[in-house]
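When the chains are written out, they are named A, B, C and D in that same order, and each has its own residue count from 1.
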Amino acid sequence: MLALIPLFPFIGFIINALIGRRLSKATSGGLACLAMLVSFGVAVVAFWRLLGLPAEARVIDETLFTWIASGRFQAPLTFRLDPLAGLMCLVVTGIGFLIHVYSTAYMHEETDHEYARYFSYLNLFAAFMLVLVLGANLLVMFIGWEGVGLCSYLLIGYWFDKQSATDAGKKAFVVNRVGDMAFIVGMCLAFASFGTLDFRAIAAAVAALPPEVTWGVLSTITLLFFIGATGKSAQIPLYIWLPDAMEGPTPVSALIHAATMVTAGVYMIGRNAVLYSHAPLTMEVVAVIGVATALLAGTIGLAQNDIKRVLAYSTVSQLGYMFLAMGVGAFAAGIFHLYTHAFFKALMFLGSGAVIHALHGEQDMRKMGGLRRALPITYWTFLIGALAIAGVPGLSGFFSKDEILFRTFASGHSVLWVLGTATALLTAVYMFRLIYLTFHGKPRYEGAYEGAQEAHRAHDRAAHAQGTHNHGGGGVLHDAPMAMAIPLVLLAIGSVVAGYVGVPHALGGSNRIETFLEPSFSPPAHTAPAVAGTHAEPGVALSGEGAHAEADAHGATHADTALELTLMVTSVAIALMGIGIATLVWLKRPHVAAALAARVPWMHRLLLNKWYVDELYDATIVQPIKNSSTVGLWKGVDVGVIDGAVNGTGWLVRGSAAGLRLAQSGSVRIYAAAFFVGTVLVIAFYLVR
Amino acid sequence: MVTLDHYLILSALLFAIGTVGVFLRRNIITLLLSVEIMLNAVNLTFVAVGRYLGSVDGQIIVFFVMTVAAAEAAVGLALVIAIFRHGETLSPDAFTSLKW
Amino acid sequence: MLTDFQAIMPILIVTLSAIVTMVAEAFQPKQERAPLAGFGVIGLIGAAAASVLLWGYDKTGFGVVRADNFSLFVNLIVIAVGLLTILFSPQVIERERIPPGEYYALTLFAVVGMMLMAAATDLLLLFLALEVLSLAVYVLTGIRRAQFQSAEAAFKYFLLGAFSSAFFLYGVALTYAIVGSTRLEEIAATLAVSDQAPDGLVLVAMGLLAVGFAFKISAVPFHMWAPDAYQGAPTLVTGFMATGVKAAAFAAFLRVFLSSFHTLHDSWAPMLWLVAVATMILGTVVGVVQANAKRMLAYSSVAHAGYLLVGLIVGTRVGEAATLFYLAAYAVSTLGAFAVVAVLATEEHPHDRVQDFAGLWESRPGLAALMTVFLLSLGGFPPLAGFVGKWYIFSAAIDAGYVWLAIVGVLTSVISVFFYLRIVVMMYMSDERALVPTPAITRSAVAGLTLALVAVFYLGLLPTHAIELALTSVQGMF
Amino acid sequence: MDIWLFYLFALVIVGASLGVIGQRSPMHSVLFLILSFGALAALYVQLDSPFAAVAQIIIYAGAIMVLFLFVVMLLNASHEDDDPGARAPVPVGVKVSGCLLALLLLVELTWALTRVGRPAVEKDAASADSVSSVHEIGRVLFTDYAFAFEVTSVLILVAMIGAVVLAKRKV
């Protein structure tokens, strides 16, 4: 049954890939949506069955067949549904389905052919993502891990006639490969250390060990996995690919680069929660990197003008939050945020897609404005998303973000808490900056002018467009069509209500989601007593967090409640302050923004240029390689490819370039010389020993 | 007194001379000849070692090596003829269209 | 006597089929075409059957040939390689005007040499087998005499091959000088009793043998011939030598170094460690910038030699089994990829540049999909054959403490994906179309491609059986 | 006496081999090589291996070298400077580094060969008869080496097919 969940999208992929070119758009799109819908249905049923089990026994294992088995080397192809995987499955299939539906409208200008190709990639992506989620061991997860990376590459570069798109695809792929490498090594090391790759077996093996206070093998494994996660989930230093990934079609950005794939890193850490909680040193690293990424991306998001880039940096920033949660041991809170974020970020991406769609591809916010009246559905749904991400009470983002900040503070990381809260402020500011620039103020889009010329009756009003004008571009602007509007509305509803599964105790809720997820983060039941003992030890405040969460589930103490309420009020105040600042600067007094930029130009330039990180990479890695390879090495080689590939292989290529050029000269003498040098060296090696 | 080492070192010297050939000459046939020198150097080792061990194995192996040398020479020379038809030249430096 | 012939039965069958092929061509009537490929297929299937029947008996023939499970496993790999090559051949032979009788006979003789290399337990016989194999492959490389590149490739390969043979032979001679015999078991016995540190001459002899093997498997820095020979040879021959020759050379390498010289593992492993690292890095780095698909695959095969060396260096049972499994996985993937290149070529256009693959997904979706699978398998993409092989080798390495070797392996295989994906990207994501007409594909080529595809998925999804076989086959070897 | 003969023949072998690679006419190279082979055969005789010596003369100097000579004549490659494809001489750097490499190899081999712990072995006169016995050679060749002998037939067959395929004029 579990196998059916990824199977349906996979069938959809096969059909669209093989005969998609002969199908009409409606058929191929419908097929892809149907595949996702059925998959979602199966996921719901499976989830329902999971809920029917007693809390401690909520695990459904399904071994399809023994993939690799010989001696010590065991890796069955097993899918596993536990609370964590169940939640992720619902998110992936549910939101995935909505995005498929949205895509049918968004992509309708493509040819039949391209349309089928698009949906086949999208289905394939969903299938791999579900394999990643459902995999019961590292190797199966790795199938999905690699698969989603590949699909992401194909989808970012989907509009391959656009140079920037193919470049972005390559960049994403290169950066991801760096992370994957660490992941594979970590996997090998984990196998060498535990003799198994099954998550539960590893958890059971680790649970018997004391937490690793000094650097050791557990820390190494977890750090390697974390590097893998930074690649996939766009954290420092490997975040640079995600903003560029916006070159792909917007629904792809929504699905892959906001709601699902990028969360794979967070999910993977959640899967290995027991392992991580035994490596407190890595946990610190995770937390610090997480909050640093959150803050950095937040500041960059403040100055971007491309609507999708703002959202992209916002995604990086929110992912940083999730890693912060993971790092302080609040696994459930991190996954909770992952889940709520999926709703509102998908919503906002789709909303931005509707805007871009309406403006025929315009993405620069400086050329938007005043779209509120023209695109009411988009506006209102987008506003809900923005309120949710800003952390306004009552919406989903509020609950999850607060939970993370509370846990961070409660675990004694007050500095990280301050930084996290500062990021919350930034989030509110840049989100509402986006809202105001896009939907409020004077229309600045070309259609506002052209449309006016075409539509006579709107001519005058458009020419004397006022702040409140609404018809100027209205003549040519269309709000989202049905297939786009319905997903927006559904996601907006989700963004509001999704948080209510995790109402904290401090507000009289029962935080059901944490209680529900907790078994996924503890070692398998039979070793539970040993773990409890370990957690009770005083030296292990960090790893004990899971246990704390459990304690909370049963009833928080008064002090905790008071603290939580205080923090909550603080962050609400911060969020409102952020919205207020944005309102003041970009809505009420737009000139203030310009003045601010003029007053502290270096700051503005720094932010606008993304802290010059891309330039730094360019100067330290890309340029030296370009220089060394243009010095006449490998003439007539596709230069674009060198650039792309060399980004990652940089120092390797540079180091060996001179010798290699000399080497393959085509002269048999040189080949023989290399042979003799080798022989002489081999013999010398033996003789000097 | 001629010891085994005399023969072995002569053989090593001969082998080294064979290896130099490829760097000096501009004629494929001479390159093949230097391979023959190398094979003969090895043959000397076999015969000498066989003699000092008091067994005929060394000589027998030399027969096999000669067979191999003959077979290699046949194929090699056929290749030389084939390649000569293309470029009307026997210089190894003329054959560098495959590179990088 | 009967045992002797039983042990060489697979070899004998293929030899006979090679001779039959040759004779049949000589005596066929002018207008008719004898089903030459058929004889080869029958012979190879017969040899495969004989290998399966011999499984587990560990027969020894003439004192110098061992039909143990190890050599039988390698037999199966090289038979598969030969079979696939022959299946792809008819179309290519027709197009390139290659003399069919000689072509098939030489291919089969090369298979004979490969099988003999894996089975030989005597260094002299090993050398002879190496020569049979090499001479056949040199000629196959240059068999398109009308083409300059083919002749050049054959010449380079031949000249360097002859040099490397001389070095190998010198190693045999020095071994003979020390041990007084060329039999592997006597070498092992002599080395085992000398308990003091190995003297320099043993190590030099071993080094020269290693050089000879390293040349055949195209390990750095003995690889220089490979890209040129691979590019210039007819594409199918390239596939054949990139897989079959490598498999046979590795089999002999494993047998010699892990039986005769196993006691000196601590001496040779560090040197091969360096070679393996250099091989993996160079093959990958230079592969990234190639514009010719065949040349790129050549560098890829250099890099793969590095991964295979990892299994040899590890030197444990698991490592050996991993090497064998990897050989099988690598063979089917590589052969499949080369076959796609080969069947796409036309008389005027070799279709071997990376740009030639532009838009293949539009014109030949089936072939594009096949190529994707083969390339992804080579890149170590789960759940395909190449991934399992890599995973198996690298985890064996980490298990045995060779962590850095595994890290270099992972790093380079991660990078290597770039050059495989370049072709994939060309096929799917290119708006320019290579306006090259693609030829019709014969039924036998379709059958061969399907077999290779099935094998890639079989070894990727259900590798257990093959791994078990590989493990059993290395058990009785030493 | 023995040692002086050895040095004489060694000198001829080395000198002739240097002649093979040291001058520009392939024809002369082949002739030098035949001379070298002749001297080598003399050393074989000194090593009580007359059979190897005879084979060396007949097979090597006789058959194989004649084949070479034949090809040299056929292609009319009398002098490498006359070759139209050979424009520039081999760069001195390549020559020098090649010689250095070979020298290094020689030093290494000599070092390894002389550092071996075993004493300088002498020929024992007792085994001279058995080593030079053609009867013994025949017996061992067709018992211990019978299979290898058969394999050489395949080898020659391959070489034959190969030579025909590569060198025949019409496709």
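In this text, contacts are C-beta pairs under 8 Å (C-beta built on N, C-alpha and C of every residue); 3 or more make two chains touch, one makes a residue touch a chain.
All values derive from a computational prediction rather than experimental measurement.
> Which chain wins if you rank chains by how close their C-alpha centre is to the centre of all protein C-alpha atoms?
C
> So what's the Cα centroid distance for chain B and chain D, whole Å?
Computed value for the inter-centroid distance: 6 Å.
> List the centre-to-centre spacing of chain C and chain D in whole Å, with centres computed as mean CA coordinates.
Taking the average C-alpha coordinate of chain C and of chain D, the gap between them is 31 Å.
> On a C-alpha centroid basis, what's the spacing between chain A and chain C, in Å?
Each chain reduced to its C-alpha mean, chain A and chain C end up 42 Å apart.
> Can you compute the centre-to-centre distance for chain B and chain C, using the mean CA position of each chain? Integer Å is fine.
26
> Going through chain C residue by residue, note those that touch at least 2 other chains and give them in order.
If we look for residues of chain C contacting two or more partner chains, we find 124, 128, 131, 135, 138-139, 142, 145, 154-156, 159, 163, 200, 203-204, 227-228, 290.
> Where does chain D touch two or more other chains at once, residue-wise?
90, 94, 97-98, 101-102, 105, 108-109, 111-113, 144-145, 148, 152, 155, 158-159, 162, 164-166
> If a residue has to touch 2 or more other chains to count, which residues of chain A qualify?
If we look for residues of chain A contacting two or more partner chains, we find 634, 664, 666, 668-669, 672-673, 676-677, 679, 683, 687.
> Based on which chains touch which, is the overall arrangement a line, ring, star, complete graph, or other?
complete
> In their shared complex, at which residues does chain C touch chain B?
124, 127-128, 131, 135, 138-139, 142, 145, 148-149, 151-156, 158-159, 162-163, 165-166, 169-170, 172-174, 176-177, 180-182, 227-228, 231-232, 290
> Could you please specify the touching residues of chain B with respect to chain C in the complex?
Of all residues in chain B, those touching chain C are 8, 11, 15, 18-19, 22, 28, 31-32, 35, 38-39, 41-42, 45-46, 49, 53, 55, 57-58, 61, 64-65, 68, 71-72, 75-76, 79-80, 82-83, 85-87, 92, 95, 97-100.
> Flag every residue of chain B that touches chain A in the complex, lowest number first.
Interface residues on the chain B side: 19, 22-23, 92-93, 95-100.
> Hey, which residues of chain D end up touching chain B in the complex?
Touching chain B: residues 2-3, 6, 10, 13-14, 17-18, 20-22, 24, 26, 29-30, 33, 36-37, 40, 43-44, 46-49, 51-52, 55-56, 59-60, 63-64, 67-68, 71-72, 74-75, 77, 80, 83-90, 94-95, 97-99, 101-103, 105-106, 109-110, 113-114, 120-124, 126-127, 130-131, 133, 136-137, 140-141, 144-145, 148, 152, 155-156, 158-160, 162-167 of chain D.
> If you look only at chain A, which of its residues touch chain D in the complex?
Touch list, chain A to chain D: 669, 673, 676-677, 679-680, 683-684, 687.
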